[in-house]
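Shared chain: subunit A. Partners: subunit B in the first complex, subunit C in the second.
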Partner chain A sequence: MLGEGIAKGLVETARNFFGSYFTKDRLTTVQYPEERLPQFEAARNFPFLVYDGGDWQAGLRCVGCQICEKECPPKCIYIEKSKDKKPDAVGKLQFYPAVFNIDVSVCMSCQICVEVCPFEAIKMDTEFELSTDDRFGGLLWDKAQLAKSNEHYRKIHPTEAAEVDARLAEEKAKVDAKVKAAAENKTTPTSPGAVQPGSGASSTQ
Partner chain B sequence: MEMIAPEDQRTAQSAATAKSEDALLDISLGPHHPSTHGVFRMDVVLDGERVVKLKPVFGYLHRNHEKIAESVSYLASMPYTDRLDYMCSLTNNWAYALTVEKLAGIQVPERAEYIRVITAELTRLQNHASTIGFLMQEMGASGTPLMYAFREREIILDLFESLTGSRMMSNYMRFGGCRVDLPYGWLKQTEKVVAEFPRFLDEFERLLSSNEILLARTQGVGVLSKKLAIQGGITGPMLRASGVNYDIRKVDKYGIYDRFDFRVPIGEHGDVYDRFMIRLLEMRESLKILTQALRDITAGPIMDTKTKIRGFRPKAGEAYGRIESPKGELGFFLISDGSPQPYRYRVRPPSLINLTVLEDMCLGASVADTVVIFGTVDIVLGEVDR
Partner chain C sequence: MVETADQLFVILQHWLVGHAPASLRSILSVLLPVIAILVVFGLLFAITTILERKGLGRIQNRYGPNRTGPFGVLQPIADAIKSLTKEDVVPQAADKIVHFLAPVVLVLAAFSIYAVMPVGRNMVLANLDAGVLYFFAVSSVMELTIFMAGWSSRNKYSLLGAMRAIAQMISYEVPLILASITVIMAAGSMSTVTIVEKQAGFTGILPHWFVFTPWGFAGFILFMIAATAESNRSPFDLPEGESEIIAGYYIEYSGFKFALFFLGEYLGMFAISGLGITLFLGGWSAPLSFLTWLPSYLWFFAKLLAMIVVFIWIRGTLPRMRTDQLMNFAWKFMLPMTLLNLVTAGVWRFLPGGLLRWLVCSFLVVVPYVLLGRGLMQGWKLEKRVYRFAE
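Our next item is the complex of A and B:
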């Protein structure tokens, strides 16, 4: 009979329309921004620099090795390495990034900087409302804007952060043991601060 | 000047009218039109309502993907492959990873292979669902089928986001495995989605398959003959709708596709209706593969331990890897000269090659049908233009 197919289809439309009042899986929209869906733990949007302790300038994990700058596919990271060294959160003397800029408008949220970083210094944030009315200065973030605490990292990616913390604690214990041994032997005049940058780093894989 | 008799004048006038009726009309469909799935232009010559000539014009979304890939490391091209066919980034990732693995001779752990199959088949589900939705939109069924399809697609994209961190730009696969392991509860959630998907397919079929308007608009429209499909190098659902049994999952058995029991749906007429039905049937076969993969997935490592992420340099050589992406044969051709960057990087995009027979299918069809025929080719301009 002509029209039977159309009638069948309309029954389906009606089922979905009335069903949306009763079952959640037929009505999936959320009234953003009043209502928000919880974000997934794996969600990523834009990188940030992790620092340990209370002071972001002292605790920045980044040592300015420029690996992420080289590996970044759209080349949105700009780093200038410092001339001098200063102690990091662990107490080792390290280089630090004198300038660390990321261009928000160029970054494509691919996470490759996170994967290649041997110091667990750069991680992905889940913040996604980054729009600004200043398209030049407002979209070029310097290290003051990029630095976020390890507590923040633990909050947004709990599972991943726990793994990273465990790995770093293990490395720190190793370095401490070495320093202790060196201090006991006193064969080498090197101070604990002269540990080579990167000596305690392991590959992220 | 001679005097023209009133009769002659009348004849001259009617001749002029006849001429303007015969005159062909050049129009430009697109590039900024929703029915062109992006920025695609068709230079159409019309005789009345019928198409007599059609010239596809593309390149509006050209991003220099291949050349960029030759100046960055192998790894850095991976996020760019997401942006080829942005509806199915995970299959693009797989095709690229497969080619590099072939080039460098890397073995992929079993669990990673299963994850790849699961994500690729989920990609196929969401791609086919939204393709049919868009096709209905182009036929004038505004909204309803497309929104139903998008509702299901969103559920699958949620799975992708909880796994890869991003709904569409997944950047998930790596040479020798996958980037991260499945999060806690992901498999259970996927099993639930796969178990509930047939309900959507049944509803979708009841909504559309026997609809008289749809039958009238699609049956016998835009026929692609078997011979032309083979000669044109057409792949994917379009080729199978024309009656050719060719599916790279069966032919190459890449990854672990030889372990799954599934069938390849074949069309008969090669018209728009067959191309629409083939996608519905393929979704059911994908569900079969998913059920088996979710049942059989093993625990174990997800990355080949010998492969380095940074400083990856394959030996000099060349490789062509291909997979059955939801749109057809997606291939990557790589030449390595031993440096960290590929010497040559080439993509074989199914969308572009399937477009080459567009004129043959559209000749003699009306403008409204041209849009529908174009819709069944299922292209994404990110892949056509690269």
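Our next item is the complex of A and C:
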């Protein structure tokens, strides 16, 4: 009969209305700032620079190769390569980024910078509350703001970080073995330096 | 004591007017009720917006606004401040004067409807002999303002919305008026005050409301369906149709003019609910004889709030209709039903009271309803929709 469906619908909405006061499970809304849903492990929002050890300036993995700057589709990364070399976490002499800026407002969270980085130096963070009342300065993050420890990386993406750590350890072991072999063969003292470009190439695979 | 509480505002008005200088008295006696109407229905608008948002939220298993003040009750104030401080954008190609006038005239018309609304015993601004006629005359000004808004904006969507609104409102004004004519026939008067007084008596504990007769019940339902369409509310919200034509006729309005449109729309809804209450639900009279000690205006506003709740409930339940469904429903169902209802009301008037009258009139209401409903639903079956090109 005409109107039957309307009556059924009215009953259903009334049930929803009163049910939402009694059954908390019905309410799907999360009251965001006070309560929040756990993030997925694969969540990503904005890149950060990984550093090893306690000092971010010394431990930064980035060597200022500028691949990410060239690959970034919206061109939100700005890097100035250093003129001199500084010892990195393992004590090897490397270039370092004198300036490393990423514009939060331009970044589109595509993760391409992470994929092209041969040094596992840039990773995606899950932090998403990046709003600020300073439109220009507040949204342009420099090296100091971008640098986050490897422990932080392990915390936000445990599986991925474990893989990365294993790969880096493997490479390091390979390099160490080569250095050892070279030392045993009593070759010229310049050979450890000659190994280095090889280790860089192997890590791009 | 009960009498004083009932006539509190009337006494207050007389007292205030009595203390004014003689030259101001005539103006003041009109001005005071006008101010009261502006304040009371303005506040009711604020309450309704929060009620509606909370209610719709709960119907959809959400909380609704709960950030501004305790349980979000201060939301209307925040909304008011927001709309007042927003930029008022007028399209360059718009007809500036008409564009400005549309919301103003809408709110003016919406407020002037309340002149004939008896909100309590002796509480009516103007007891016109043709009160119901006045109501419909003023409410058609509201249709005009909607077309003014749609036309002057120079926007495709607003024009589409305005055309839809005009088509819908003209179609549904016919059953709306025909449904109220039954009451005018029964009461023998077009004065809203007289209509309420005719329903004020009691048999036992039950009131003499027109809704408790077969023709009155059918008339009330038909009236409320037409009223929903007249006030452009879901499921008859085609003129606004957010998902199709964005906001329809008020797409080019921003800031306070938009708020005025909102206000006008809600005031129209209250007004038409108020008329429904006056015509069918006994106006300010109590629903049961032993409840008459409560002041009459409280009963009116309780009924008005109940009607608003029903409007919100309906809005939370039904999806928007299609234009052809809308027109079919108006001309193939509403119009015949209201016309037959006129006959039923006449039969009720001339048959002697008793069981026979009830049986005959119920028959006259139910049978056409079932038959017309069956006719409307013929060839109307739910099935999975097949897309010719999209798959």
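We adopt the following convention: the second predicted complex is superposed on the first by the 178 of 205 C-alpha atoms of A that agree within 3 Å, B and C clash if a C-alpha of one lies under 4 Å from a C-alpha of the other, contacts with A are read in each partner's own complex, and residues count from 1 in each chain.
Here is the rule we go by: contacts are C-beta pairs under 8 Å (C-beta built on N, C-alpha and C of every residue); 3 or more make two chains touch, one makes a residue touch a chain.
On a predicted model such as this, the values are computed, not experimentally measured, just so you know.
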Touching partner for A:Tyr21 - first (subunit B), second (subunit C), both, neither: second
A:Leu130 touches, of subunit B and subunit C: first, second, both or neither? neither
Subunit A residues touched by each partner, larger count belonging to subunit B or subunit C: B
First, second, both or neither for A:Ala58, with subunit B first and subunit C second: neither
Contacts of A:Gly3 with subunit B and subunit C, given as first, second, both or neither: both
Which superposed partner A:Thr13 touches (first subunit B, second subunit C, both, neither): both
Subunit B versus subunit C as contact partner of A:Cys110, first or second or both or neither: first
First (subunit B), second (subunit C), both or neither touched by A:Glu71: first
Which of subunit B and subunit C A:Arg44 touches, first, second, both or neither: first
Subunit B/subunit C common contact set on subunit A: 2-3, 6, 9, 12-13, 16, 26, 28
Contact set on subunit A toward subunit C in their complex: 1-3, 6, 9-10, 12-14, 16-17, 19-21, 26-29, 31
Sites on subunit B touched by subunit A in the complex: 72-73, 75-80, 144, 148, 151, 154-155, 158, 161-166, 169, 171, 179-180, 183-184, 196, 203, 206-215, 303, 305, 308-310
Subunit C residues within the subunit A interface of the complex: 55, 58-63, 313-314, 316-318, 333, 369-370, 372-374, 376-377
Complex contacts: residues of subunit A adjacent to subunit B: 2-6, 8-9, 11-13, 15-16, 25-26, 28, 40-44, 67, 71-73, 108-112, 115-116, 124, 159, 203-205
